[in-house]
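Across the two complexes that follow, chain A remains constant while its partner is chain B and subsequently chain C.
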Partner chain A sequence: MKPLLLHGHERAITQIKYNREGDLLFSSSKDNKPNVWYSLNGERLGTFNGHQGAVWCIDVDWTTTRFLSGAGDNTLKIWDCETGKPIGNITTNSSVRACNFSYSANMAAYATDKAMGHQCEIFIIDVRNADDSIGQADPILRIPVNGSRVSSLLWGALDETLLTGHENGEITIWDLKTGKKLQTTKEHDNIINDMQMSKDCTMFITASKDHTAKLFDSENLMLLKTYKTERPVNSAAVSPILEHVVLGGGQDAMDVTTTSARVGKFDSRFFHLVFEEEFGRVKGHFGPINSVAFHPDGKSYSSGGEDGYVRIHTFDSSYFEYGFDY
Partner chain B sequence: MPVAVTDEVKSSWADEVELEDGSLPPPTEVRENGYKIITEYKYNEDDKKVKIVRTYKIEKRIVSKSIALRKTWSKFGESANDKPGPDPATTIVGEDVYMQFVTSKEEDNKPEDEGGIGNLKALGDKNIVKCRTCSGDHWTSKCPWKDTVLAGGKIPDADKKSSSTPTIAGEAGKTAGTSKYLPPSMRGDGSAKRTDNTSMPGGRRDDTTAIRVSNLSESTTETDLEELVKPFGPIQKLYLAKDKQTGQCKGFAYIHFKFRNDAAKAIATLNGHGYDHLILNVDWSKPPAQSNQ
Partner chain C sequence: MAKKKVDDRSSQNSDSTRNDGDLSSNDDEPNFSDPEGFIDDITDEELLGDVLKQKPKETDGVESVIVVDGVPQVGPDRLEKLQSVINKIFSKFGSIVNTHYPTNEKGHTKGYIFLEYSSPMHAQEAVKVTNNYKLDKQHTFLVNLFTDFSKYEKIPEVWKPPEAQTYVGQADLHYYLLEPDAYDQFCVVTGQGHSVQIWQNTQPEPAVLQDRNNWTQTYVKWSPLGTFLSTFHKQGVALWGGPSFTQYKRFSHSSVQFIDFSPCEKYIITYSPQGDAHNPEQKRIMIWDIRTGQEKRSFNPEGPSAWPIFRWSHDDKYFARMGNDVLSIYETPSFGLLEKKSLKISGIRDFSWSPTDNVIAYWVAEDKDVPARVTLLEIPNRTEIRNKNLFNVADCKIHWQKSGDYLCVKVDRYSKVRKEKTETKYSGMYFNFEIFHMREKQIPVDSVESKEPIQAFAWEPIGSKFAIIHGESPNISVSFYEVRVGQAPSLLKKLEKRACNHLFWSPNGQFIVLAGLGSNGGGSLEFVDTQDFVIMNTTDHFQASDVEWDPTGRYVVTGVSIWKAKVDTGYWMWSFQGKILKRVNLEKFAQLLWRPRCPTLLDEKQLKEIKKNLKKYYAQFESKDRMRQTKASKELIEKRSALMEKFNAYRHKRIKEWGEQKPRRLELRNGIDTDELDSDSKNVEEEIVEFFIKEEVTVIE
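Entry: the complex of A and B
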């Protein structure tokens, strides 16, 4: 396969996300301009200019009309997808580390960092009529998080619950009616870098610095599968059409210069969802992979790395023909 | 998108020369049998006119209305001024990569192999292994007699105990059940002898005339080393530690001289000697730091 290299960022990619149909690919990096690309030919549609700091998290709503980005400049911004113009701006106390539209995109959730004397907090906001005034509007719900900070966030079924991954490896379900913890589990030993839902949202996959990715039931946090590697996992995604998961990782960015590229192993690694066995690797990045995402049609996937490149890979027929012996 | 009409075909190089009055030919766009060919002219950094030809394959895809609508969105932000189609500055077609399949067979074999070794380890030093030195049930490399005089000849287990206590040479010979002849120099506790008896022949190689040279530079070769130590006297053996893969010097070497005096001389002269931008560290070669039981 000939990957498309998207070089619109000057610094490390922090997150990439497809919209629901998969025709657009959004990317954010530690420079302050999230980009949006046509996933088919790698053409850049535009950049969202306005942040002053590293953009840590992005999301796009179900209809691809609005785009959400949280950054290290203590703001969460809502953008118009078509024009790239900001619709709303919410100032927070510390940097925004995770943000997500709810499935219906009536609400959005974001989590702030534990820094500068402020504790980590989760906010639920109403974004139905987002405009300039959203910065002053009160959030629907504000949950202070006492323990370890939230490092990753997902909406649960029917927009009634929220799943959060924490810095110490805990995963918590929150009830959004009461703002209380419903359940907590600690299967990871280190920070959860990324969480992604499977297509039907019955399961989600976590990627942790403890060198594993794990598959959980999104209803009751039951640990279903564990995918073991020998390096930190920064991102993991579940294929929407096959029983495959892809893991991206590598050692910490700060350790890259002190270890040889050979050891670094910056490949995307494909595991079988059920058998937890690795069956394929794709090379390419010059640094750790920070974010991976499957195209919603399952026929291509993208990875964004510390090297600042986003690579769109369209699978060869060999990938689909590959049968798993068992 | 309208197809640009391009009839300005340059028929000869002479016409092109005429155009070199500073103005560039207009960019052209040709569409033919499914390909779009865009030809542009530019001045590069050296003020030379360059012609850029880009060929795109045009594909038609049937997509949902919402996607089709999004395809008509105008570009914004940093891309606002980009032309239709991928901008080569931001979108690069990468080199071919292939998914490397890890066949499940390999995966299956691996744990088995490990298991095999693991089992062997578990059985460990029990019955399978037999020491070549003392016939004990351990690996030869782990033999407590490895570096003692026993390393030379085989002695059955029973004898091992007796020889650990200092015995008279004749007795040692008797107690050896298999009555294998041992030369007098090999009898008794070798380890005790070795440290003080400088002229012990046989057994382990005589280390008393050996010196260890460290802090050598990577590029040192055996020839270099030989030249360095030759002036001090005849050499028995010379060993330069090299990296298995790169073949480069690991930074230290052992030199066995014929005579101890020469070795002492070499140490006195070479220790602290500057060699190849590094300062050498030379001392007597010390016997491997392991206990004889």
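Entry: the complex of A and C
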């Protein structure tokens, strides 16, 4: 089916996310204003105005009441979903590169950049009664990260652990009771651009600049599967209903001006979760894809690209009829 | 080990002596002598072999002694004079540490002397330079190393026949031709020779036969009949062959960059354009005999010239090169000039051997009133079998048909010429194809003219068609002509508006790939059957830089080489109809070469017979293919189901754990079940959303 083209951003999309029910699609971009759309028809519901730098990461809680955004203006903001008004503002030492609500949405985690003489740090904050004072409140936990900076972040199941993906390709699992590393694994050779949980949160998929996406067990970091491409992978997602994964990426944004869209391979690529075989591609973006997400009902997916567009693709019936012989 | 033994024993000894000492007196020296009955079972060599090695030997220093014969015989009164002369001559090579002038009972020297240098190197140098040194009219020095005497003394009186060496069987160099399914081999090079792989194009999946790292330092090349694989190294070229690709021969030629095999694989020419800085005497072109590994002749080419500088006749009998106004033809195996002199051809611009006969075609440029001329020369009798004068010629290209039946000379002609100092500028260009019918009496010549610039020309390897790409972008056309006995070439088909710049005929003719290679070609591919000019497929391999037919004409490989492009390197395999069979994206892919095959041994009649019975074979092959296909898909399905089973086992465990955690999840989300999208039915509100849909009616006139 013809995709819905969401053109509300003026610059490259950095992240897209559905809410739990999938009726809304949130998107952030380097143009400072996160947007929220109806996923059904692509109508824009509103924008979150207030940031003064590129918005790098967003999240929405499971009740779709609060919205989280971290940006290059050294702030993390908590918004009210319904009104689009900011509830809280936390000033940080450097850009906020990753943020996430916990499962219960009582807590949130965010990670700051290693820049301007500041170390990369992970913060865990209490967001139950977020208001103006949250900027002054002490975080529940503050973990300084020595070495490679955090480039992606996820909550483990049951709000007890935190998973971080790092610039050098490492993945670490942290115990939040003690703030200590539980385990580290290095299966990627380059920066981990994105991590997304499977529906039941027992597995997560990583997307790395080393041209691969990998599937891990979210408890013991066991490498389960590897999906290989010939371009950097910026984002990857697992289908909630089928054994499929979708990968988005393409030639580095830096090199794009010198290459045509064909060389860039700015396609969404579909792989079988278990067989690691590619079975389909969706063209459309004319820059690399920075973020992909499956609709929670698994019947459509969206991609956001360096070209500033968000595309909502509804699967044709042939997608559901297609099966692998085994 | 030996030392340890000694230690053990000595400690035992000392223990026993200590006991003795305790009995007698504490101040006494311990007794180190062996107890009675002790037999020393360790030799000195075992104990102090390293020290013994340094023990001076009688023969030490003998290597630095030289014997000079032919020295004047003088009395004691003139001995001092002689010594000073000798010293003057021989101290040039190093310091003389010892001299000996044997004398008879009267004190006269005996005419030979011994000199000892400080090092054997000096002695050798002295021997090399002063042997046969003329001191004066009567006296010539004969200088030898002292060790030479003992060496030559030891030669046995009776000649003993040399021992027969055991015969080491040469591996079968042509085993690959015996492959029952006629699978072809190909060689893949990645990086700067980082990895060289030999593949067999088995169906349905190719299989790797050899995989070696750093097999070559630059690229590889098959010999023309496919017997050898040649690899390039700093020191020279190596040839490999046989079932496990063992080294066959090495040709030492430092910094070699180009090689050229003779068509029958008897000889190989190696070329090192820069030469060797450390060894300036090394010639830049060397010709070798492949079977013996011997150098046959070497040359230093004058000035830059197009490789191959030397061109071989089809039967390895002759090779020729072109110089200024001269064509030099050499013959084998003597490697001398044919009839001891070169042919003087003033204004010769290019030449080419016929691929099947000992005929050379060459052309000479225009000179004032003398027209340009194409000549066919028979070798070795040097008779001109055909001449053709051509007017207004700017340039010529000689194209032989592979079976030697036809020769095409592409002639670039002009209508106006302008001389500007050193440059000659042509304008009003048009183009001619002069077709020589080699197999007909007196070799008739036909001509085809084209007003449009010619991008490419190619003969059908087997058959009588040729294809040309002509026109200027974007109006590029491809025309096919057929040449018939006693007739002028006729246009068969013209394909207009094509995006191609290269022609690749199947080695067996009939099929052709029109390809757009290079930066402006885009990698377009068109597979054409020239029997009825059906375009079987139009497709592309983006940025393709190479197209390679397999030697049987069943497969085509297109490649993007790291030498031409940076990204998306790799090779794709197609059937001759243009059906994609396999895409291999390989980082740093550099080169893919099919292993050539020897020409078929079947004669025309047998070939016809096979073609007649093709239907019979067809059924056989078909069933064979089907069996392989089912086997392969069965393997794939088995592999998949194994993967699935393993994964499901893992998932079952995890889902069970996940199920057990459900109460804790409920607790975290205020008792609301969010495990499934619709599992929380209490908090759902149905909402009806209305959209405005814009309606517009446009009346089409």
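Just so it is clear, the second predicted complex is superposed on the first by the 325 of 326 C-alpha atoms of A that agree within 3 Å, B and C clash if a C-alpha of one lies under 4 Å from a C-alpha of the other, contacts with A are read in each partner's own complex, and residues count from 1 in each chain.
Criterion: a contact is a pair of C-beta atoms (placed from the backbone, for glycine too) under 8 Å apart; a residue touches a chain by one contact, two chains touch by 3 or more.
Predicted model only: the values in this text are computed from it and were never measured.
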Three-chain arrangement built on chain A, chain B and chain C clash or fit: clash
Which superposed partner A:E278 touches (first chain B, second chain C, both, neither): first
First (chain B), second (chain C), both or neither touched by A:N41: both
Which superposed partner A:D200 touches (first chain B, second chain C, both, neither): second
Which of chain B and chain C A:W62 touches, first, second, both or neither: second
Contacts of A:Y103 with chain B and chain C, given as first, second, both or neither: second
Partner chain(s) touched by A:F324 [first = chain B, second = chain C, both, neither]: both
Touching partner for A:L4 - first (chain B), second (chain C), both, neither: first
First (chain B), second (chain C), both or neither touched by A:E230: second
Touching partner for A:G304 - first (chain B), second (chain C), both, neither: neither
Superposition-derived comparison: chain B or chain C, residues of chain A touched: B
Common interface residues of chain A - those touching chain B in one complex and chain C in the other: 21, 38, 40-41, 43, 324-326
Chain A contact footprint on chain B (complex, rising order): 61, 63-64, 66-67, 70-71, 73, 75-80, 82, 85-87, 89-102, 104-105, 107
List of chain A residues in touch with chain B within their complex: 1-8, 21, 23-24, 33, 35, 37-38, 40-49, 63-64, 82-85, 270, 277-284, 311, 313, 315-316, 318-319, 322, 324-326
Chain C partner contacts - residues on chain A that touch it in the complex: 20-22, 38, 40-41, 43, 62, 103-104, 106, 157-159, 200-203, 217, 224, 230, 251, 259, 262-263, 273-275, 296-297, 324-326
Complex contact set, residues of chain C against chain A: 542-543, 567-568, 585, 587, 633, 637, 640-641, 643-644, 647, 650, 654-655, 657-658, 661, 664-665, 668-669, 674-675, 677, 689, 691
